[in-house]
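Below you'll find a set of structures to go through.
Paired with chain B in one complex and with chain C in the other, chain A is shared by the two complexes that follow.
Moving on, here comes the complex of A and B:
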């Protein structure tokens, strides 16, 4: 079956002064119908850049190569005008940091309404249900009702969790079928985190949409994702179903990431992610990996399928 | 909880605003209805009656030509306030447009615009206006033009600074993502987020423009006698300051009170237009 989103060999670099620094290195991913793909990895590994590349929201100095297909249509060669018909309607984003992603001078209701009324193909007559009604419905569904008062509130009058839900409602209201959710639990506390997870799960069930969920919260990724892709230093190191990746990690980085969780004893791996300007040529995890062998320093690891659907980029997995 | 508009709910924080608004409204009303309030013809000379001290006949006394100072101040308010409003509105529109555009586009355009602004900022306002009016005929319009020519840069600076901040905030990215066009973002996101700063600037500016106009007409530019601008009146009273101080003091007080009340609006607005203020007011 045709996946909703297929990323093939995506490379993203940024012009910095007179050179190009490569951030995303040959990333390939796919997201199927009504599937949630969790993209996990540490800060600065290129998760959000991948998401922005899909939405074409990268800054002007970015250089993008490779292929991104949405239901068989290539997104990168599209004109800005053509892409604008998809973005915001079929492909939407739920941005990170709820406190700064809402316009402080506009009521939240107006902003959610804008998701519908600012479309190039919007016409007032074609709406079966008035836009305001639809906004109220979605607020109701995300338990943001407070007797219809939320509509007139400014972002500063709402808590971080409520702003987060407003952002989610902006993603949900257009009945999109691909949603890029960037760090949904970044700015919320432990209790709200559960709320956000509930909301996202509900959204997935109610709207039958596919989601790319960018997070460094492994707990959230486990709770929501069907499949998980682990990124390190701009590369995918392991993909598979949530169970495969999190319960039987094959790549040393995934294993280290999981053992660094507080509930697993906070075993933080030594060292730092190498700088993107001086990336080792072969395996990018070689300097921090406890299982590093000669092959890791000489050749790029290839993809190995350890069990059906579970792919690992590591030399150690070869021929096991 | 009764919902009230934040601007008019009197509390400790916006007492300045209320006071400023009340005073300015009063001044504006007086200006509008000045022909009705004048007790004498402001330009009619009455030499036998010259240099009279304030009395029930002439509230603020009379000047060297026997004209009623009170009526002349009322008449002068139209000139002074009118000039100030025109200057502030035009320079705010021009400056905001250039500043927002510059910050929104960024890059080389921004660089060039801001260097031009820097050049203008390097001149002291009074000196620049003095120089400009040398080339222009001496009348009220040239004065307005000359002040606008330098005053817009202050708005451009503020608008550009705001635009640069806004450009990098996530909600602009989010606005792009939900399908807003570039011009839509400029008008619906950049402009409303800058307007509060510009409004504050404008109300503060009215005060200083009134002062500038007064200084310039004191120096003999702009309004020409017998038309009674406040600055000109202060200047005329200079020769009699020892035996008839009211000729200068009365218009001086008018300038001071007007400038002060508009400045108070500016200060008050700065607090009240901050959306974070609304919260504290509503939860009372």
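Moving on, here comes the complex of A and C:
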């Protein structure tokens, strides 16, 4: 079956001064119907850049190569006009940092309404349900009603968790097909985090949309994702179902990441992620990896399927 | 007991007649023993940070007493506090925001030495700074950088380094890892744990992340709406919570 989103061999670089610094290196991913793909990795590994590439929201100095298909249509060669019909309607983003992503001068109700009224194909007459009614409905769905008062509130009057839910409602209101959620639980506290996870899960069930969830919170990824892709230094190192990746990690980086969790005794991995300007040519994890062998320094690891659906990019998995 | 809070209350008044009371912290009693790692957990707005600020002397409580080594520190004057500040230090939530953006990492680290005149001359000062950087694992080439050029994890290490220079006996950590991702969080936590093992240091660790608290704290207090609703050994509280709120908090674990 045709996946909702297929990313093939995506490379993204940025013009910095007179050179191009390569950030995303041959990333391939796919997201199926009603599937949540969790994209995990540490800060600066290129998760958000991948998300922005799908939404074509990268800055002007970005160089993008490869192929991104949405339901069989190539997104990258599309004209801006054509892509605008998809972005915001079928492909939607829920940005990170709710406190800075909302317009402080507009009530939140108006902002959510805009998602519908500013579409190029919007006409007031064609609406079966008034726009305002639809906004109220979605607020109610996400438990944001407070007796209908929330519509007239400004972002500064709401708590961080509520702003986050307003952002999610903006993603949900257009009946999107594919939602890119960027760090939904960053800087929210423990109870709100459980609330956000609940809302996202409900959204997945109600709207049956595909989701690309970018996060560094492994707990959230485990709770929501069907499949998980682990990213390190701009490359995918491991993909598989949530259970395969998190319970039986095959790549040393995934294993190290999971053992760094406080409940697993916060084991520290030596060293830091190499800078993108001086990336090692072969395996990018070679300097920090405890299992590094000769092959890791000489050649790029290829993809190995260790069990059905579980793909690992590591030399050590060859032939197993 | 190193630190004791007795019926500490902080009330803010609002309204036209100043007649609406809001109790940010209400009747808090707690005791922290020497060399203990004590955790305070609770959701945003439950009064964790206000409690910290009262202990640090940054806020005066409306009523109640804070006893540090048996002495009430809420009524101390400025000069006394200057001395006391050496032994009570704090690490903040946003590492990059605690540094002066206009001074280099070196002068930020040398500041406590200068304020407390710990070094005889510039050479000794430099030696002390370099020594402490090695302790916390920051490489020396970072010294001439400005705060915006270093990563969050580095900045948090540096703020730990700064406090260690003064050899504090009580270190208050206000969500030091909530802005950092897991691999960096692991580095910071094991650094704190290591320092705690080597020095005569008491930690007051504030967090909303139950996994972190469960991993490092000996005893914890659960705060809700300014009050402590439950207190006890970490294992006991986690395995058999008594208060409904604690149960709710634990069930929010995903």
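Going forward, the second predicted complex is superposed on the first by the 320 of 320 C-alpha atoms of A that agree within 3 Å, B and C clash if a C-alpha of one lies under 4 Å from a C-alpha of the other, contacts with A are read in each partner's own complex, and residues count from 1 in each chain.
The definition used in the following text is that contacts are C-beta pairs under 8 Å (C-beta built on N, C-alpha and C of every residue); 3 or more make two chains touch, one makes a residue touch a chain.
It should be emphasised that the depicted structure is a prediction, and the values quoted were computed from it without experimental measurement.
J.: For A:42, is the partner it touches chain B (first), chain C (second), both, or none of the two (neither)?
T.: A:42 sits against chain C, while chain B stays out of touch.
J.: With the two complexes superposed on chain A, say which partner A:93 touches: chain B (first), chain C (second), both, or neither.
T.: Touch partner of A:93: chain B, not chain C.
J.: Quick check on the superposed pair: does A:235 touch chain B, chain C, both, or neither? Answer first, second, both or neither.
T.: neither
J.: Just to be sure I read the superposition right, which of the two partners does A:113 touch: chain B = first, chain C = second, or both, or neither?
T.: Touch partners of A:113: none, neither chain B nor chain C.
J.: A:190 in the overlay: touching chain B, chain C, both, or neither? Say first, second, both or neither.
T.: In the superposition, A:190 contacts chain C only.
J.: Which of the two partners, first being chain B and second being chain C, lies in contact with A:177: first, second, both, or neither?
T.: neither
J.: Going by the contact rule set out at the top, does A:261 touch chain B (first), chain C (second), both, or neither?
T.: After superposing on A, A:261 lies in contact with chain C but is clear of chain B.
J.: Need the overlap of the two footprints on chain A, from chain B and from chain C, as residue ranges.
T.: none
J.: For a test of understanding, state which residues of chain C touch chain A in their complex under the given definition.
T.: That would be residues 41, 43-44, 151-152, 178-179, 181-187, 189-190, 208-212, 214-216, 248-249, 252-254 of chain C.
J.: Give the list of chain A residues in touch with chain B in this complex.
T.: 55, 57, 84, 87-89, 92-93, 95-97, 100-106, 114-115, 118-120, 154, 156-157, 167, 170
J.: Could you pull out which chain B residues touch chain A in their complex?
T.: 169-171, 173-181, 184, 188-189, 192-193, 196, 275-276, 278-279, 282
J.: Could you list, by residue number, the parts of chain A that touch chain C in their complex?
T.: Interface residues on chain A, with respect to chain C: 42-43, 159-160, 187, 189-194, 197, 216-220, 222-223, 256-257, 260-263, 265-269.
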